[in-house]
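Going by the order they are written in, the chains are A, B and C; count residues from 1 in each one.
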């Protein structure tokens, strides 16, 4: 009567949900912040390990012809990435949690729920599971963006709350649009399972076409594609920096996976191509004018999403390239955000670009890591990971005879370099010489820019992610193999 | 035109009309009550289509819980009872877009389905819904439980600033204590 | 023991050519600030080891036999040393390195110039940052350039082409003159624009033929004519930005003027060669029909470059800017040689390449030294160098005369035989181009002699009188090899051309 369940294949989901509950219980019974964070980190690592252990299995929760939970190697790889990003963001949040900026138990619980949603998106086999997973990934983030406790005597700001509200309102509208699109497609074709999705024929073609278009537009919000991008810069800037990092990486990855699942089976080429071109171009052009660091990173990640959308515009042949780009981009973006966290006081926002002037000279390792990340995002060595990402997208586009879109992608890469190089160069600018007779500019500049000690969890997260970025730069074949 | 068709059209008109009044009314409480009407009409639509369980769940959850919660929130936050001057967005563009999208979708449906006749499905009794949920959609049903739990915890932690509140810095008390000790000397 | 080209020892040499400077750069960058001078010396040692390694391939036992390449109309180019390992099969990228007669002189030139620049840096670090960082960046630049010259896989060629972008930007922006930020930004954006067009062209070729192997692709002509024309157009624009070719040259004068001395030397001596080498190896090699179609346009642009460069130089008032524009003119001759698509033209281009690297490298060294010591590079404020610093004036005179193409010095062969190749090609267009190029050669002589007259003759200006006349040991070490090689190449051009006829024959689509 009820569906058969293969519990072995579900182990990653159990681990992820179990991590959330464990964080909650640890906060209830042990009530020490360190224990809660440690429990969540261990749970996240267990999720990653179990995803690799399960690997590729026949699906479970099956009906005739299709399953709702489909373990494959790409699913396992993205689940590992979700878990790793969660653990990384938790490590980046530790200094803020130590200050009491958010209650540790609830914070870890919500982050682990988000991770669970991500794992569900990775393994989803039908549209309902996909959308539910996407909501589970996003809903805790509405709360986490706005969650901030103020010390008595500290000025209460409403940035977080307004960012949270913006994010929430636009997100629910997009979910409604997505569900409407899925419903229209169901009305036309009668299929909700991914394996059974096919383009409609005959009388139902216009209806299914509109359904697919709405589905794609609703999901495009999650990756902050233009014209549904307006929430991203405001939300990233108002959120705590680690949560902005999570939004920029894991939340975007969920959107990419959902879009990949849909476009691989339904015809959405025109919509995706238009979205890709507009997103890339607008993202890069507006990023040129930014003055705040996190807003610049937000606009740059909007443009990067455009490159992923360009690969997805090809349909099924472009999905491996899009996923590879997404994974490599996530790693580099996480490195960038980790450096921003390390350079700012705990609980502070991202600050202006001028706050980072000379930071590379004051902290050489952090400067080098940020240069690696920016070079990779621009697609240049030493960020070889980013170079191979761009190569795979351009390769896929040219192979499918979409050379015009490949030309748009590469020209946008040139525009993007302008602002990446500006930020990287400002890291190493010598402080301006105000008056060489009166004051030596170096200590004069060091006074308002104290070199903050980097806490151990942040340093570990940064080192691990830089190591992964360098490894993927020299051996990207590991990733390409894991995604097929 | 059968009785069912007439009922569908009437209830649909009520739902859409009440929905339009929800977003255009300037009285907050009236918006909430119009929402009750709209959702109730949708519950009626479900009944006409034979989905009994969904209709009663709609009444129970949406009308009973969500709208009541809305009205309690209005009461507890002392939101304005009379006409609210904040709701001053010009209705023109949104009315145009909303009406356009609605009519467009309606035209799409009419064009696709026309006069195709579908056999009447089994009534949506509890047994039928249970068979669907536990026969095909167990996984999303279970994942939803995590979603709802995170929503619950999130709502509580956002609305209760005393949860995890940061203590006052102890240095302030020491400073004032020293000052008092020095003055008499 | 006879070591053949595919012997693991030689293959290890190829990898070492890339690994030694990379390891040296990492080591030098990690040394603490207190050991800056030691770090620069260590960098020079690594550069010296790389230079010695770069000379070695000429001793490899070369296999001139024809391998079984089945249904090809021409023989494939057989590298002296060949290393072919898979790297990223999903992208069609193989780690395929090799060296032959066309690339070997450029490899040695790179090793030599990097060694000289590192040695120069030991003595003098320009203002703006630590010397060890500059040395490390020079070594990374060397890795990128050597990789470009050694790569025999199209995508690998592109990857190494990209490696030089950010380090060169850092050198200009960190240690350059007053307008360095704008110049560096212009350089990097222009060059990346060219690089992305290179990427498009490379991917079109790899998609069209299914392989990226330059050995298999050269002269094979599997692509349709239209595809070849499109590919050559993309590649030509990409390499024209790098070379540079008029009208895509506008980044060059600013970059050269604002770069520090060692930066200018590496930029002019080695980086520009990546463009012309790429045009020969990748452009003409992979898309010969496209090259034949675009040759007239390329020839016209090359001659415009020669004339424009010369005319602009006649009006220049700044020393480094004048030498920069002279580079545009010289590269025009090289590109004219390539555009003729004849054996003489190609050999003239290869010679011109190496000669330009040596001579302009020397010119930039000298100009940089004069500018640093006198405090200005403006020709209005410099004059009478012969009176206060006769040795420096003499060296400058030698370099200028070599650059204007005096027979007996290296610069003559490239210029003269590019004109000869155009004449031999025949037809009204090419004859006209040859005549115009010859006029350009005369104009080159004019502006260099004008430079010498202004700078070395006449009364000594105050800036020049304040100049320290003595030449330090490190400077002699940096300049002497260039002087000697200029002389040697002028008398024995076979040093560069000895092994080039076979690979060039294949490139031009003929049988040996």
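Definition applied: a residue touches a chain if its C-beta (ideal position, glycine included) is under 8 Å from a C-beta of that chain, and two chains touch if they have at least 3 such contacts.
Since this is a predicted model, take the numbers as computed values, not measurements.
Using CA-based centroids throughout, the chain positioned farthest away from chain C is B.
The interface with the largest number of contacting C-beta pairs joins chains A-B. When every chain is reduced to the mean of its C-alpha atoms, the one closest to the centre of the whole protein set is A. Centres computed as Cα averages put chain A at a distance of 29 Å from chain B. Here the CA centre of chain A is 42 Å from the CA centre of chain C.
Annotation: 69 Å between the Cα-based centres of chain B and chain C. The multi-chain contact residues of chain A, meaning those touching 2 or more other chains, do not exist; every residue touches at most one other chain.
Within chain B, contacts with two or more other chains are made by no residue at all. Those residues of chain A whose C-beta lies close enough to touch chain C in the complex are 375, 380-382, 384, 387-388, 390-392, 394-395, 398-399, 403, 406-407, 410-411, 413-414, 417-418, 421-422, 425, 428, 430, 476-477, 480-481. Across the interface of their complex, chain A is touched by residues 105, 108-109, 111-112, 114, 131, 134-140, 143-144, 146-147, 149-151, 153-155, 157-158, 161, 163-169 of chain B.
Per the touch definition, chain C reaches chain A in the complex via residues 87-93, 128-129, 144, 155, 159, 162-163, 165-166, 169, 173-174, 181, 184-185, 188-189, 192-193, 196-197, 199-200, 203-204, 206-207. Of all residues in chain A, only 1-3, 5, 17, 20, 24, 61, 63, 68-69, 99-106, 109-110, 113-114, 116-117, 120, 126, 128-129, 132-133, 135-136, 139-140, 142-143, 146-147, 149-153, 184, 187-188, 203-204, 206-207, 210 touch chain B in the complex they form.
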